[in-house]
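In this document, chain identifiers A, B, C, D, E and F correspond to the written order of the chains, with residue numbering beginning at 1 in each.
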Amino acid sequence: MEYLTLFISAVIVNNFVLTRFLGLCIFFGVSKNVNASFGMGMAVTAVMTISSLLAWLVYNFVLLRLNLTFLTTIVFVLLIASTVQLLEMVIKKHVPTLYNMWGIYLMLIAVNCVVLGVPLINVESNYTFSKSIVHAIGSGVGFGVAIVLMASLREKLRLADVPKSLDGLGIAFILAGMLALSFLGFSGMISI
Amino acid sequence: MSAGQHDESSNSILKIALNLAMACFVSGLIIAGVHFVTADAAAQKAEELKMDSMKALVQDVEKFEPVEGKEDWYKAVKDGKTIAYIVPSSSKGFEGHMQLLVAVTSDGTVLNYDIISHKETPGLGDKANEEPFKSQIIGKKADGLEVVKDPSDKEHVQAMTGATISSRAATTAVAKAVEEVVHFTGGK
Amino acid sequence: MAVNEETLKMNLLTVSTSPHITSPESIPKIMWSVNAALVPAVIFAAWYFGMPAITTMLVGVVVAVATEYVIQLIRKKDITINDGSAVLTGLLMAMCLPPNLPWYMTAFGSFLAIAVAKHSMGGLGYNIFNPAHIARAALMVSWPVAMTTWTAMTTKADVVTTATPLNILKQQGYTQLVETFGDTSSMYQAMLLGTRNGSIGETSAVLLILGGIFLIYKGYIKWEMPVLMIGTVGILTWIFGPAGLFTGDPLFHMLAGGLIIGAFFMATDMVTIPITRKGKIIFAVGAGILTVLIRLKGGYPEGVCYSILLMNCVTPLIDRFVVPKKFGAGR
Amino acid sequence: MQIAIMALLVMVLTGLIFGLVLAFANKKFAVEVNPLIHLVEDVLPKGQCGSCGYAGCMAYAEAVVLNPDVPPNLCIPGKEAVAKMVGELTGKTAAAVEPRIAHVRCSGSVENAVTKYQYAGVQDCVAANLLQGGQKSCQYGCLGFGTCVKNCPFGALTMGPNGLPHVDPDKCTGCGKCETVCPKGVITMQPIGAKVSVNCNSKDRGAVAKKNCSVACIGCGLCKKNCQYGAITLVNNLAVVDYKICMDKCDNPTCFAKCPTGAIGLAVRDKYIGNAVNVAGNVAV
Amino acid sequence: MRELWSIFSKGILLENPIFVLALSLCPALAVTSSVMTSLTMGLTVLFVITANNVSISIVKNFVNPKVRLPVYIVSIATIVTVSQLVLQAYFPLLYKALGIYLALVVVFAIILARAEVFASKNNVVRSFCDGLGMGAGFAIAMVIIGGIREIFGSGTFLGINIMPASYDAPLILILPAGAFILIGYLIGGVKIIVQRIEKAKA
Amino acid sequence: MKSFHGGVHPNDSKKYTAAKPIETAPLPKKVIIPLRQHIGAPVSAIVKKGDDVKKGQLIAQSNAFVSGNVHASISGKVIDIADYPHSVFGTCLSIVIESDGQDAWAEGIPVQRQWEKLDAKELSGIIREAGIVGMGGATFPTHVKLAPPPDKKIDTFILNGSECEPFLTADYRSMLEYTDRIKSGVLITMKVLGVNTGYVGIEDNKPDAVKALQSAFGGTQVKVVALPTKYPQGAEKMLIFMLTNREVPSGGLPMDVGVVVQNVGTIIAISDAVTRGIPLIQRVLTVSGSAVKEPKNLLMRIGSTFADALSHCGGLNGELAKIISGGPMMGFAQSTMDIPIIKGTSGILFLSRKDINDDKEYACIHCGRCVEACPMGLNPSMLSILGERQLYVEAKEEYNLMDCMECGSCVYVCPAKRKIVQYIRYSKTQNALQAQKEQAKVAV
C-alpha cells in the first residue's frame, strides 16, 4: 500500500513536470507529436529506473560509507551519462528494433535534469532500495503521462489559429500552465 | 564511422580512459580543496542556524543543551533551570509531511512553534505558521489543542478558513510534541 | 428570350460549392440559446443571493465581452462579441463563483478566461480547456480564502453556517450535514430548490435541469453527457459510501456542488469535448469518475471543475482513438 | 585531510572506470553509420535540447542527412552558423543558380478584368479555381485570393489593393514556391536582369482576351515585329520572351512601345505598387 | 573589442537562453518565486557558465573526442560542486531555498551547449565573453521572472512590502501554473521584440 | 425502420413542382450540344460547320469503350463548333445547331422493336449506340455499367427512384407518368445484366409513386420498396445498403457487391432506345426555386439553354441569387444562363437570397454534427480543418479523404457554416496534383 501511494503520488499528485519543473527541456522539445512523446516517456522511465538503481547502490555503499556525500552530484551525473551512453551503444548493436523504437531518445536523456533529479531526491529522502525503484518508475510514468498529454494538446493546437508571437514555445508554456492548473485537482489526494 | 578511420586516435582503450581519469583527477583535486576550506565553515554555519531558530522560539535563554536519550531534543536553560523543551514533531498535512519545531514548557504548555518544512498550499495552508493562527495555539495545553469550526468556542483552536486540514495538521503536530514532553517530564 | 439579360449582368450571380442550402442553425443561435437556458437559474440566484450575486454576474459578463473586444481589435480579427460566446463564458464563470467575491477577482477571472484560455489558442473553436473552468481553477489558487468564503446562511435547523454542503460533508461528516438541514428530506428539498449555500449559479438543481432539458430538446447538447456524468457520480458515491460499500447517499452527491451545472453546461461545451458520440460518452463517464475521486479522496471538497478540466486534457487523445466507423470498411 | 584524499581517489577511480567502459564499449559495439551523419553531428551543438523537434542532435543529424526534405536550419541554439555548415555538408543550400525573381504575369486588376460571378467560398485560389476556373472571365488570370502570398516562405509577396500580388524584390529568393502553388500558372520565375516582361497570361484568342480584360495580350504580334533579335515569339496567342536573347543582345528594348494593351512592358520591379498598372508610354525608367 | 561586445551582448536578448533559445527552463520556473532565489540562481549559473567556458576553451585540445562529453560534464560538475560547497558554507539559507535545483545546474542544457557550440571552438577570451553574456542573459531573465512573480504574486520585492496594503495578491503567480503561463507570455513578448530588432536591422 | 448512419433532413421543397405534370417544352431555336456529357473518353464531332443535321442523327462519337455518343436533338444547320459554357466543366467544345423548325427525324428513327426478341448483346449495343449515360448527374456511360468485368458477378439490379435531393421532382413525375416505359426499361436492363433480382427504392415521401410502380411490377421479380425519407438516400452506396444490406467497400463500386444501380431517367432512355430506336436527345428535368414564376417539370431537348427553360416557366420572380444545375445539395452553381442542358441535368434551380444561407464562416467548434451527419462515417470537421491548413496529405492518409462522396450533409448541418465540401475537393485536387508530380518524378 505504501508503495502504491508512493507510485500514484509520483505519477499524478506530485508530477515531476507539472509541480517540480524537472525535465522541461524534453517536455517542450519532444512534445510535438504523440508517438515521439510516447517513446520518450518509455525511454525516460527505463533510464530513470536503471540510473536510480545504480545511484542508490553507489551512494549507499560508496559515498555514504566514505563520508563523501559532497561528491554526490558529480558522481551521479557521470554515472548516468556513462550508463546511458553504454546502454545506447548496447541496444543499438544488439536490439536494433528496440533502438529504432526509442533508442534515439536515449542520448537526449543522458544529460537531463529529471533523470538526475530523481536519484538525487531518492537519496535526499532516504528512500530504501525498493522505494527508490518504485519512485523512479512512478516518476517516469508521470513524466510519460504529462508529455503524451502535452503532445496531444499541441497536436490539436497545430491546427489552431494561435497568435504568431505565441506560436511554438509560448503557447506550449501556457498549455503546460493550464495542464498544471487541472492537475491541481489531485492535490491533497495523497500525502506522503 | 569505420574502424580504420580512427585508428590513430583510438589505438588504446587505456589512453582514452586515462584522458577521462585525468580530468576527474583535476576535478577531484579542486573539489577536495574547496571542501577542505569550506567544511568547517559549513558545519559552524549549520550549528548557528539551528541555535538561531531555537532562540526564536524561546526568548531570554542562556543556552540550549541536548537532552540525553532523546535524539534532536534540546532543553532551554536559564539560570540553571530548564525552562522549556524544544522538540521536533511532524504530521501529515494537506499534501505531505509538515515538520515542526515545538517549544513546550515542562508542564506541557505550548511556548511557541515553528514550521520548518511543509508542502501546504501557499497563501492558505502555510498561514499555519503565522498570526493569528499561531497565537491561538501558544499557551494552550494538550486539552485545548483541538481544531473546531465554531467561532464561539474560545477553548479550542479555530480552523483557518479554507485550510482545515493544514490547521489540523499543525495542531496535531504540536499536540504530539506536548504529549511527548509531558510523558518525558511527567507533567511537572 | 424573355429573360432580362441586363438585370443579370448588373447583379452577378453567386457561385459556390455545393451544397447550396444549409440548416438554419448557427453559432450565435446556439450560444444565445445556451445563455437563455441559464436565465432561470440566473434569476433564481439574483433573488436568493441578492445584489452581490448580480454584481458578480454583471462584472463577469462585462469584463469577458470587453476583453474579447479588445483582443480582437488588437489581433485585427473580426469582432465577434455578438455571437454570445463571450457572454456565455463570463456568465458561466460568474455562476461558479461564491456570491460575494470581490469584484476585482471576478474581473481577473473573466479576463483570464477570455485572454488566456480562449484567445491565446486562437479564439472560439480552438480553445482546449473550458475557459470558465480555467478561470475558476485559477481564482481558486489565487485567492483560496475568498473563493471558499460563503455567505452566512440560515437553514431549517436554525444554525448559521458559512460552508457549502460539500464542505460540511468533507470536514464534519454526513451526520453533521444532515443535522444542518434538519433531516434528509428537507436536505434534499433544499438541494433541489437551491435554498442552500454554494456558488451563484450552482444551487438550484431544478432550474438548471430545466435549462438543460431545453438544450437537449433543441438538440444543442446530447442527453448522454449530463445523464452519464451525473449517473456515474451517483453510482460511485453510492458504492463508496462513508460506512463501507453501498452506503453512500447518491442523491445528495448528484445534487450537490457544481455537478448539475457542470454536467449540463460545462461538460457539454462542444469546443472542448470529443467530437464523436462515443468519445463524448467516455468524456462524461471519465469526468464523473474523477469528480467522485476528488470529492471522496482529494483535498478539495468539490471536483467537478477539475474533473472537467482533466478530461479536457484527454480530449485530443480520445479524439485520436475514438473515430467514427467508416462506411464500407467491412464489419 | 583524509577525506580529501579519499575524494581524490574516488574521483580518479570513477573517471578511470567510466573511461574504460566507454572506450571499450565504443570499440566493441561500434555500429557502421553513414559517416556524413557523424560529420553533421559534430557540427551540431550537442546541447541535446530537442528544440529542433528531433530527439537529440544525433536524431536530427540523421534526419537531415537521410531525408532530403529536412531543412538544415532547424538547430535553434546553433543559429545561422550551424545552419550554414549543416547546409554545406548536406548540400542543401540553394545551389547558386542564375538569380531569379517571381514575376506576376497578370495585370487583370479588379478594374481591368471582367468578373463573371460573385464568389462565395473558401478564400483560396486553388479552391476558387475548382468552381469554373474562378470568378474572372479570363481563364488565365490571377484570382487574387493570395494563395501565393500565404505560401511564400519569405514573406516576399503581399496582396496589393488592386487584387494582384506584389513581389518585394528584396525579399524574394526565387525559390519558386509561389510558381508551384498558383493554380493558374500566373507567377513565373524570371531572371533578375530581365529587360522586358509580359504581364499577361491569357492564351485566349485576341477578341476573347480583349473582352475579358482591358490589358490582356491579344496576340497581335506587334512586339514580335518590333524585336529585331527575334527574342519574342507568339505561343498560343501569347507573347513569350526568350530572356537569354533579350538580355544578351538587346540594350534598348523598344518591343513594348507599340503594344496596344500594354501587356508587355519594361521589367520594372515595383510596377505593382499601388494601382500603377503598366501601360506602355508612361513607364518611368 | 567590438566583436567581443557583440559576442557578449547577443546572449542578453537576441539569443537569450531562456526566452529565445528556450534552454534551461527548469530553474526559470522552479526557483523564481522570489527575486532573491532567482538572483542567486542566476548568478550561480553566470559563474558556472563563464568558468566552464574558460576551462573548456583551455583544455579543448587535450581532450580525446571519444570522451569529450564526459569530460565536459566533469568540468561542469566540478564547478557546480564548488559553488554548492561555497553556498552551503556561507549562505546556508539560500542553499536550502535552491534545494535540488542547485545540483541540477550540472545538467542545464545551456551550459553544455555553450561548451560544445562555442568554447570548444574559440579562444579563452572569446569564450569568456560568451559565457558572461549567456550567463548575464540567463540571470536577467531569471530576475525579470522572479521580479514579476514576487511583486505581483506576493506584493513584495526582495522580501520588502512594496504594494499598498489593500493589494490582494493573486497567488497563482507563485504557483507552477502561473509560472508556466507567465513565462509563456514573456517568451511571446520577447519574440515580438527580437523580431522588431531584426526587422530594424534588415 | 433500420437506416444508414448519418444523413440529414433538409426541407424537401418539392411542393413547387410535385403536382405539376411533365410538360413538353417548345422546340428551341438553337441548341448547344457539348461534346463532354459523360465521364470517360471525349468524343469528336463528325459533322462540320454548315452541315445539315436531322433529329437523332449521330454528330459526335469516339472509338473508346468508356464514352458516350452524341446525337443532334433538333433538325437544322450546324452553325458553330467552338468552346461554350458548360454546367460542370466551365467551358467545353460544343456543336451549335440552329433549328430549321421542322424537327425532322433522321432516317430510320423511330422504329418499333420487340425487345423480348433481342438478346443481351444486341440490347447492349443499342444502348451504347443511343449514347445513354447516367442521368442522375454522374453521367457514367450506361453500357459500361451494364458490362461489368467477368470477375464481378452481378446478381441484383436496383432502380434508384429515391430522388432525395430537395426541389427535384423529375423522377417522381416520370414514375407516375411513364410507368410502363420504366417497367420495360427495368426488364431490359435486367435481361442485359442477366439478373433475376430487382429492386426499386423510393423514398416514402412519394407514396403514390410507390403504389404506381408496385402495381406495374406486380408479378415480376422486381420488388418496390419504400425507403425512409432522408438525404442522401439516393446515393448508390446508401441505397444498396438499405435494399440489400451490403456495404460497398471503401474505394469500391456497386459491382463489387454484385449490384448495378440505374436512375429513373436512364431507364426511360433505355426503354426509348430499345423499343423505339430513339437515341438520348431529350430528358425530363425540374425547373424550380423561389425565383421562378411557374416552377415546372419539363421535357426538354439536350442542348436547350437554362434561359430557354426559364422562359418556359414564366421568367424570374424577384431577385435571383443563384442558378444551380442539379439539386441544391450536390448541384453546380452557374454564372450565366446561356448554359446548355446536358444528359446529366436533372434540374435547374433558380434560387433567391432566402433559399440560400450566406452566413459568415466561423472556426470549427467541434460540435460533432457533421460527424453524425456523415453517411460515410468520416470526420468532416477534421477534413475541413486539414484542408484549411493545407495538410491534405494527412487528410488522405489518416482521415479517409478519398471516401468522401461530397454529398454535402456535413455542410448542411454545420452551425459554423464551414465550406467543408470545398475544403475536401481542394484537398482531393491537391492530392491528385501531388500524385501527378510524384509520377513525373518517377518517370524522370
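In this text, a residue touches a chain if its C-beta (ideal position, glycine included) is under 8 Å from a C-beta of that chain, and two chains touch if they have at least 3 such contacts.
Values in this document were obtained by computation on a predicted structure and should not be read as measured data.
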item	value
Fewest hops from subunit E to subunit F - one hop per pair of touching chains	2
Touching subunit C and also subunit E, the following chains	A, B, D
Approximate Å spacing (C-alpha centroids) for the pair subunit C, subunit D	48
Distance between chain centroids, defined by C-alpha means - subunit B, subunit F (Å)	84
Centre-of-Cα separation between subunit E and subunit A, whole angstrom	22
Inter-chain centre distance, subunit A versus subunit F - centres from mean C-alpha coordinates, in Å	61
Per-residue multi-chain contacts in subunit A, two or more chains	25, 28, 70-71, 74, 78, 82, 85, 110-112, 161, 163, 166, 171, 174-175, 178, 181, 184, 187-188
Touching two or more other chains - residues of subunit D	3, 7, 10-11, 14-15, 18-19, 22-23, 26, 48-49, 51, 116-117, 120-121, 130-132, 135
Residues of subunit F touching at least two other chains	333, 335-336, 358, 363, 419, 422, 425
Pairwise chain contacts under the document criterion	A-B, A-C, A-D, A-E, A-F, B-C, B-D, B-E, C-D, C-E, C-F, D-E, D-F
Residues of subunit F touching subunit D in the complex	90-91, 333, 335-336, 358, 387-388, 419, 422-423, 425-426, 429-430
Contact set on subunit A toward subunit F in their complex	158-159, 161
Subunit A - residues contacting subunit E, complex	18-25, 28, 70-74, 77-78, 81-82, 85, 110-113, 115-117, 120-121, 124, 163, 165-166, 169-178, 180-181, 184
Residues of subunit A touching subunit C in the complex	34, 148-149, 152-153, 155-157, 160-163, 166, 171, 174-175, 178-179, 181-189
Of subunit F, residues touching subunit C in the complex	4-5, 8, 10-11, 166, 237, 241, 247-252, 307-308, 310-311, 315-316, 319-324, 326, 328-337, 349, 351, 355-360, 362-369, 371-372, 374-379, 381-382, 400, 403, 406, 408, 411-417, 419, 421-422, 425
